[in-house]
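Just below sit the structures, each encoded as structure tokens.
The two complexes that follow have subunit A in common; it is paired with subunit B in the first and with subunit C in the second.
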Partner chain A sequence: MAESFYLFSNGELQRKDNVLRITASDGRYKDIKVEMTQDIYLFGEVDLNTKCLNYAGQLSIPIHIFNYYGSYTGSFYPKEKNVSGKLLIEQVNHYTDKYKRLEIAKAFIEAASYNILRNLRYYSERGRDLQACMTEIKGLRKVIPRTEDINELMGIEGCIRQAYYNSWKDIINQEVDFEKRVKRPPDNMINALISFVNSLIYATCLTEIYKTQLHPTVSYLHSAGERRFSLCLDISEIFKPLIGDRLIFSMLNKNMLTEKDFESQSNFCYLKDNGRKRLLQKYDEDLKRTIRHKVLNKNVSYRYLIRLECYKLIKHLMSDKKYEGFTIWW
Partner chain B sequence: MYIILVYDIEMDEGGAKASRRVFKTCKKYLTHIQKSVFEGDITPSLLQKLRIELDKFIRKDRDSVLVFKSREERWLQKEFWGKEDDKTSNFF
Partner chain C sequence: MHITGTMFYYYFVCHRKLWCFYNYINYENESEKVILGKLIDESAYGREHKHIMIDQTVNVDFIKDWQVLHEIKKSRSIEEASIWQVKYYLYFLNQRGIKIEKGILDYPKIKKRREVVLQEGDSEKIEEILISIEKILLQEKMPPPIESKICKSCAYYEYCYI
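Then we have the complex of A and B:
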């Protein structure tokens, strides 16, 4: 119901008439209906002042900021409204206890790898030869319950991803030279897409976590490092195959994005503005798409699935119900 | 639900004030698409909140606010006659 706003224009974001108004340098403007907004994504060069941030903070609207190359730089994260000391203590307890932490981390990987397999199955049913890759991942999945520490688990996750990424050239119809995952900076079309889409999912997870009582810095699979909201990384792991990868496959297979939408030089590759816009439009539509939830017995959007994941995690932390990661059931 | 809100404010003494306030209030909840026309997706509770806010400004004997409700955007056929513009888009 509430909407996300994606601002590409360069200009000024300010408080005006009790709404947030973005004014482009050529004088065009757009008013953002604040009561109906859940988050704002800034892609252009935007000037804003504390008055505007204060207002966004008052209305609890997180503002996610992306740099010129489309990579995520950070968020304006309004003061936590939904705080719960009790939950925070439990969150930390589950982090410091090695077994409890591993249990949750395993659930994340199990769900993520299951969703990866579902993606592969979808394409193998459509005539792609992915059997070898699927067997490899199935084999790796069997090891997950036996892992004894986080590093081992992360290693298996890495192997699964590698096998998965290797199969991408068979899934994608377009001619791509995707050898391996390269970040900072991405070196080809697919890597650029993965980086961009992942950072979007990351920001969306942060918006959803904000709506719950969870603390975004305490995570389980990734080490709770400093300077970043690592819980988003954990949760986004589950949704990358469902939302991100599927988005990339369909954009490329339907030729909605081609070589022309990228700007590449010898050592980097980035999405151009127009391509970025098209991708975001699709991303926004995908998040709004609804499915019938089996347990809740009502229609829920993909975005809401992310929030449900947070609620499930809370239940686990409060020892109410054991956490099981979200798996695609349709 | 998806609504279209239209208002008509009598332009007598105090009309300008009422119209200004109604405009600013509607802008917080809906997208301004034409002079006194707003549209957008809204929840019943927020619509109620909007109504309470507006009630303070409109003069019951002179001004009127009309709301057309539709269950969802897709049940509303929208046509542009003349210039087309996508003011309701989330992209800018």
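Then we have the complex of A and C:
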């Protein structure tokens, strides 16, 4: 029902009566139907006024802002409407208690790495030689339950990701020079894509967390409140393989994005506007795609899976039901 | 403890919902049924002075000429709970010296209404219920899902059964 709006044009975003209107410099405008809007992503150079922010705030619509290079700048995060003191206390209790924290963090990594393996299996069934990588990750996964603190767990996670990223050149049909993950700034096409897509998932997780009572700064795998809304990082771990990585693979393998769509300089690389639009369109379609949920026995969208993850976490924190991360079952 | 009309209503619907509501675990904002309910509330009885908060506890839809109390509902499902909600309002007002003879459940969407009065023994029953509500709210853990057919259309459905 609710929609995300991705705005690329430069111009002014203002409240016009009871809608938000983006007006380009040439006078053309588009109205955003606020009743149908769950969040807004700004990629262009947009002027906003407080009247617009007040209105977005009143309607509880977060606005996520990205800079010229497509990296995430921050969000206008409206006043928390869903606040539960009891839940917040539990959220913090589960962070400060080392064992409770580790238990949740392990569940995130278990699920994330399982989903990574599913991606590898998918491509392995399509003739890619990924056995070595899969064996390595399977081995690393066995260590997860035995880890005794967060750093050790993060170490395992790092090794899994490294093995996974090493296999990308075998998954992707295009000629890519992807050796290792480089951020801030990304140095090649794949890194630029990973950075961009991850920041989208991060923002989507934030929108979903906002709809629940969870506090976005209290996280379990990542250190709480460290520079960012770290709970989004925790939850996005699980969905990066399902939503982000698959999106990247399919866009590259179908040649929907090629070298031409990137702007490369000596030390950085980013996606150009047109490529970004195509990618976002696909991203939005993916989030709206539905699957039959085997527990709830109804159709749910990929985006809604993120919210369900929040619910599961709340249930765990409230001692209602033990948390298990989402794993791909189809 | 302030026990609101909604809480009284939820007591008859689902104890888990009652507990979550009290602890601010709400999932109402997005469900289409809730939005529809809100629209009915906004559009019905536009001439009346609506939503009267009494003693910072109960919020009644409106009281016609200080004689008849009205509670507006979307549909007649779980009517038993609605009836008790109105009875609770009548009891609550009586306790504070405001004699309201009867209440009316209004269903503007289906153009139906139903009269509700306090009958003998109702006050005692309400007092007992208030005590059990308090007991539920003060539980450390939330009550389990009720696994009833009404769950399917509840805004908490995904939360309870995921």
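List of remarks:
Quick note on the criterion: the second predicted complex is superposed on the first by the 327 of 330 C-alpha atoms of A that agree within 3 Å, B and C clash if a C-alpha of one lies under 4 Å from a C-alpha of the other, contacts with A are read in each partner's own complex, and residues count from 1 in each chain.
We adopt the following convention: contacts are C-beta pairs under 8 Å (C-beta built on N, C-alpha and C of every residue); 3 or more make two chains touch, one makes a residue touch a chain.
Please read these numbers as outputs of a predicted model, since none were measured by experiment.
Legend: residue contacts after superposition of the two complexes on their common chain; A:Gly85 is shown touching subunit C, with no touch to subunit B. Of the two partner chains placed by the overlay, only subunit B lies in contact with A:Glu3; subunit C stays clear of it. In the superposition on chain A, A:Asp97 contacts neither subunit B nor subunit C. When the shared chain is aligned, subunit B comes close enough to touch A:Leu280, but subunit C does not. Contacts of A:Asp149 after superposition: neither subunit B nor subunit C is touched. Using the contact criterion defined above for the overlaid structures, shared-chain residue A:Tyr311 touches subunit C, although it does not reach subunit B. Of the two partner chains placed around the shared chain by superposition, subunit B is the only one that A:Val19 touches, whereas subunit C remains out of contact. Contacts of A:Val34 after superposition: subunit B is touched, whereas subunit C is not reached. The residues of subunit A shared by its contacts with subunit B and with subunit C are 1.
Of all residues in subunit A, those touching subunit C in their complex are 1-2, 60, 81-87, 211, 213, 295-296, 307-308, 311-312, 314-315, 318-320. The touching residues of subunit B, when paired with subunit A in their complex, are 23-24, 27-32, 40-43, 46, 49-50, 87, 90-92. Contact residues of subunit C toward subunit A in the complex are 23-26, 29-30, 32, 141-142, 157-159, 161-162. Residue ranges on subunit A touching subunit B, taken from their complex, read 1, 3-9, 17-19, 22, 24, 30-31, 33-36, 277, 280-281, 284.
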